[in-house]
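Take a look at the structures below.
Okay, so chain A shows up in both of these, paired with chain B first and chain C after.
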Partner chain A sequence: MAFLKLQNVDKYYGKLHAIKGVNLEIENGEFIVFVGPSGCGKSTLLRMIAGLEVINGGELILDGKDITTTPSAQRDLAMVFQSYALYPHMTVEDNMSFALRLAKVDPAEIQEKVEKAAEKLDLTAYLKRTPKMLSGGQRQRVAIGRAIVRSPKVFLFDEPLSNLDAALRGQTRVEIAELHRELGATTVYVTHDQVEAMTLADRVVVLRDGIIEQVGTPLDLYDHPKNRFVSQFIGMPQMNLLPADFLPAVAEGSAEVGIRPEHMKAVGAEGAALSGVVELVESLGNETLIHMKIAGKHQIIVRQYVRTELKIGDTVGVEFDASRVHRFDSEGLAL
Partner chain B sequence: MSTTTVKKPVRTGKYTWNGAMITRTVASYGVALLMFFPIFFMILTSFKTELQAIAVPSLWIFEPTLENYTEVQERSDYFSFAWNSVVTSVGSTILGLMIATPAAYSMAFNPTKQTKNILMWMLSTKMMPAVGALIPIYLLCQKLGLLDNVFALIIIFTLMNLPIMVWMLYTNFKEIPSEILEASRMDGATLWEEFRYVLLPLAMGGLASTGLLCLVLSWNEAFWVLNLTSANAGTLASLVASYSSPEGLFWSKLSAVSVLAIAPIVIFGWFSQKQLVQGLTFGAVK
Partner chain C sequence: MQSSSAGNRFVPRLLLSPAVATLLLWMLVPLGMTLYFSAIRYNLMSPELTGFVGWANYEFFVTNPAFTDAVLNTLVLLGSTVFITVAFGLAIAMLINDPFPGQSFVRILLISPFFVMPTVNALLWKHMMMNPIYGVLAQVWTFFGLEPVNWLQDLPLFSVILMLSWQWMPFACLIFITSLQSMDREQLEASDLDGATYLQKFRYLYLPHMARAITVVIMIEVIFLLSVFAEIFTTTNGGPGTQSTNLAYLIYNEALVNFDVGSASAGAMFAIILANIVAFFLIRIVGKNLD
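For the complex of A and B:
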């Protein structure tokens, strides 16, 4: 049986139906990532699991117990907030030990746990400081430390890296992955960053407008998007989409055809399946992105790992791997 | 190339002065002195004899006397009035904080669409002149046997100050990110623990300044005291008033009793001015 189970959960903000009957089963020890565009309900869903938002319909079951109406304090979950939400009036040590002190854990044991967590997170030298005296990255680690000293049933993260600069974000992402491997704790992680989703998740949950669009392993989502939305959301640059009549040979009754940029190749215009005009060439060193327009209105991007001589305004042909073509019907569902 | 002459600011000690700052400093000292002058004059008068007090032009140099103070103490029991002032203002402050804190908490951290309206409505009750409510409140007190009763004053002072207290605490709580309180809930804190270990330390400044303001307002309140009390529950405000009526005005005795009435709260205010200013600027000054 699933460790954490969301059964038809609903959330209303007044008239706004923010979460629309979501079903999800999370296994013990799994790292689940909620991903989706801003405003799709990721935080709301996470906060419903946390008990910080009232659940208006459906059931939430944790470890075989219905916790739909259980107050946050009694759910035994830990959360890392986007703003970190450290207690500004407490030292790092007190921040990390707060939950254990409330739970009346033996002081010697608290000390040991805090020291262990601090060591793991490189915070030993800062235990006596208050959050004000720490850098953004250090605060972030305190927030994680506060969560891990407790060994909760589930870790909840709401965009924990979005306030860090790019370099630190990459580094902390790796640390979170390591931490999860080490602790093996069930984790639900919210992000709008698909790189985080792809690299951290055992399974990714793609949300849109309060609905789950698809659940699957990162590569599953990449290789087999269930619909047009997921195909556009996962993958950078996005999957190219063209109306079926441009590619009758592979369309097979679909309304739209999708091909990832790396499955296309720029070739001579002569006799190619498609041809277009180059609009922009982005040379990134290891890869080259060729933006082009087909028939004057459909923008596509071709990604190649060799450099190109192509210039803006050149007319080029495009070849593609027919076995990697995605087909979508008029509703946007994958065929 | 444009040439701009930059006036070098004058450096004195650790501050850097410029023209605008000097003007502002002089102006604020001027206003402060102007506002302090009547109080200063009152203190001066309290040490004059009645004859010196009415002299025109005013005497600035004279031999100070304490006779007004001794006479005030002989004629009326200062300490019994002062005790009533302490009991009513401290009582109404504690009661007010006990009611306003949960109210402000719920409005700041669990707002609804009507929260702003409720706050406006609470404030609007302060726009009605107190005398408008005098007759019903007088009759109520009379029926309940609460005329000239300290307990009634505590209730009335509390109600009088509640709108301001809720507003001040609301604006103060608003500055505390609700995620910090949520974090404590995730850490397993009960409502009481959340209040005791997280909200209270973070809102201490706001709670203190709200309490202080309430204390000062209650201490200085005269209208309800004069209308609802006499010898029993009268506060220092009624003691002062008793010197201005029956046998005509006695300037120096009135001054002496006024000084006695405001002295405790002025001394108290002096030591707590930091909190008071912080609270009155509604968190605008960090």
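For the complex of A and C:
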């Protein structure tokens, strides 16, 4: 029995069908990440779970209880917002204890919970400060602390790292992963950053236009994308796609063939399966990305971990690992 | 270097000085003349009596039986109008904050009383609303079988407060609506998840957010309401007796009814002192929101 269950969930904005009958089962303690391009409905779906958006159709079941129409406050969920949404006129302590104070929890118990959360998040020294006096990373931790003290059934995160700079984002990502391991709480996390999705998730849900494209473990999505969209969305740089005519040897009746950049190799032009002209060489130190054009119009990228002597305009051949080839039919579905 | 930096400061100061001097004169000349008039015998009814009289004008003004009433009326008028406009302004601003059809039209209607001139406002209320025979309020009272109230005679100060509140509430409302528009939506959603009721949101989120706007409204209203004159002059003439006389009206009475310029000037000096006392307490109470 799933812990949090979405059954045929629908959302309309006027005539616009934003979420189109989403089905999803989330187990207790799982870390689920919603990813997708802008406007795919991932944030809307999260807000529907939180009760901030009305669910127009279908059912939402938490721990065996139908909460489709339950007000947010009674759903037993806590959310971390993109802007953190801290109450600016309250101290860190008051921010974290706000929900408990409203619920008239015993003050001694509130004190204990806040102190415990503050300790866990390294905020003990800042309890008497207001959010204005904190750095971005500290505000982020207060927002998480505010969620933790309520011990909710599910944690919801709405792109929590997008306002942090790159270094802090990496560090906070690790902290969130640690926190999840420690608390073991069910978590739904929305992001557009696939690194966050790949590193944090137990399972990733890829969304497009209000539809779930694929659900699976990060590596499952990477190794076995169900369709063209997922293959392009997961992986940086993107998987190379070529019409099947170029590679009759491995096409096996597919319309398009996809190969990840790291499964390709630049070789001498003679006798190679494919050949192209180098357009750009990006040397990143640990890896080298060779951008090339096949037959003058299909751009592909080859990733290699040895340095290269190739220059722009050189003609090169490409070898690839035939066992790592992805095949898609004319509809874009994986064969 | 030393001389050039001193020169650098000298030129801007020189260029600023005409503006500063004009402003200073604009303030000091009337103040000086008022001070001077308050210390001499200066009555237009008996211009032959002149000369320095010391504190006599002050003594005369302060011992006037109308004086205590005027001070109290000024403070009551100020306090009630500020309280009513802020309370109702907040309530209405909150009420029309969420989108509904015709919202912008309603906002314009709400703000329009502020564009009515004080004299016109007073006349509207005096004749259209409060007239005990043909006024709208009298009609309503009669409809319910009640004796119509003779507002300006029986409740003169309250009537003036009502007119002023009608005029100033739109101003408060306008400032509060603007302030509400910058309220953070995610904070409200977070408080939804935290289980806050509407009243708790008002208390813990809206009020702190609007503290600065409320302060601004109170400050501006106090400045204008300390010297209310047109509404009183047009409706009650400070009466009956001194029931609706405030300090500004009393000064007018001394200067242009009794033609005692000396005593009126002494009253004006007292009004300055009263304004400063009010400002002192006001800044003590609400000024900390303006940091």
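In this section, the second predicted complex is superposed on the first by the 335 of 335 C-alpha atoms of A that agree within 3 Å, B and C clash if a C-alpha of one lies under 4 Å from a C-alpha of the other, contacts with A are read in each partner's own complex, and residues count from 1 in each chain.
By our rule, a contact is a pair of C-beta atoms (placed from the backbone, for glycine too) under 8 Å apart; a residue touches a chain by one contact, two chains touch by 3 or more.
Small disclaimer: the values here were computed from a predicted structure and weren't measured.
*Asks:* With the two complexes overlaid on their shared chain, look at chain A and say whether chain B and chain C clash or fit.
*Replies:* Overlaying the two complexes on chain A (C-alpha atoms) leaves chain C and chain B clashing.
*Asks:* State whether A:Ala85 touches chain B only (first), chain C only (second), both chains, or neither.
*Replies:* both
*Asks:* Answer with first, second, both or neither: which of chain B and chain C does A:Leu242 touch in the superposed model?
*Replies:* Touch partners of A:Leu242: none, neither chain B nor chain C.
*Asks:* So, does A:Leu127 touch the first partner chain B, the second partner chain C, both, or neither?
*Replies:* neither
*Asks:* A:Val257 contacts which: chain B (first), chain C (second), both, neither?
*Replies:* Neither: A:Val257 stays clear of chain B and chain C.
*Asks:* Would you check which partner chain A:Leu77 touches, where first means chain B only, second means chain C only, and both and neither mean what they say?
*Replies:* So A:Leu77 meets both chain B and chain C here.
*Asks:* Taking the superposition on A as described, I'd like to know which of chain B and chain C A:Ala50 touches: first, second, both or neither.
*Replies:* It touches chain B and chain C both.
*Asks:* Of the two partner chains, chain B (first) and chain C (second), which one does A:Phe98 touch, if any: first, second, both, or neither?
*Replies:* Both: A:Phe98 reaches chain B and chain C.
*Asks:* Going by the contact definition given at the top, which residues of chain A touch chain B in one complex and chain C in the other?
*Replies:* Residues common to the chain A contacts of chain C and of chain B are 50-52, 71-74, 77-79, 81, 83, 85-89, 98-99, 102-103, 146, 150, listed in rising order.
*Asks:* Along chain B, where are the residues that touch chain A in the complex?
*Replies:* Touch list, chain B to chain A: 177, 179-180, 182-190, 193, 197-198, 201-202.
*Asks:* Which of the residues in chain A come into contact with chain C in the complex?
*Replies:* Touching chain C: residues 50-52, 71-74, 77-79, 81-83, 85-90, 98-99, 102-103, 146, 150 of chain A.
*Asks:* Which bits of chain C are touching chain A when the two form their complex?
*Replies:* 184, 186-187, 189-196, 200, 204-205, 208-209
*Asks:* With touch defined as at the start, can you tell me which chain A residues reach chain B in the complex?
*Replies:* That would be residues 50-52, 71-74, 76-79, 81, 83, 85-89, 98-99, 102-103, 146, 150, 156 of chain A.
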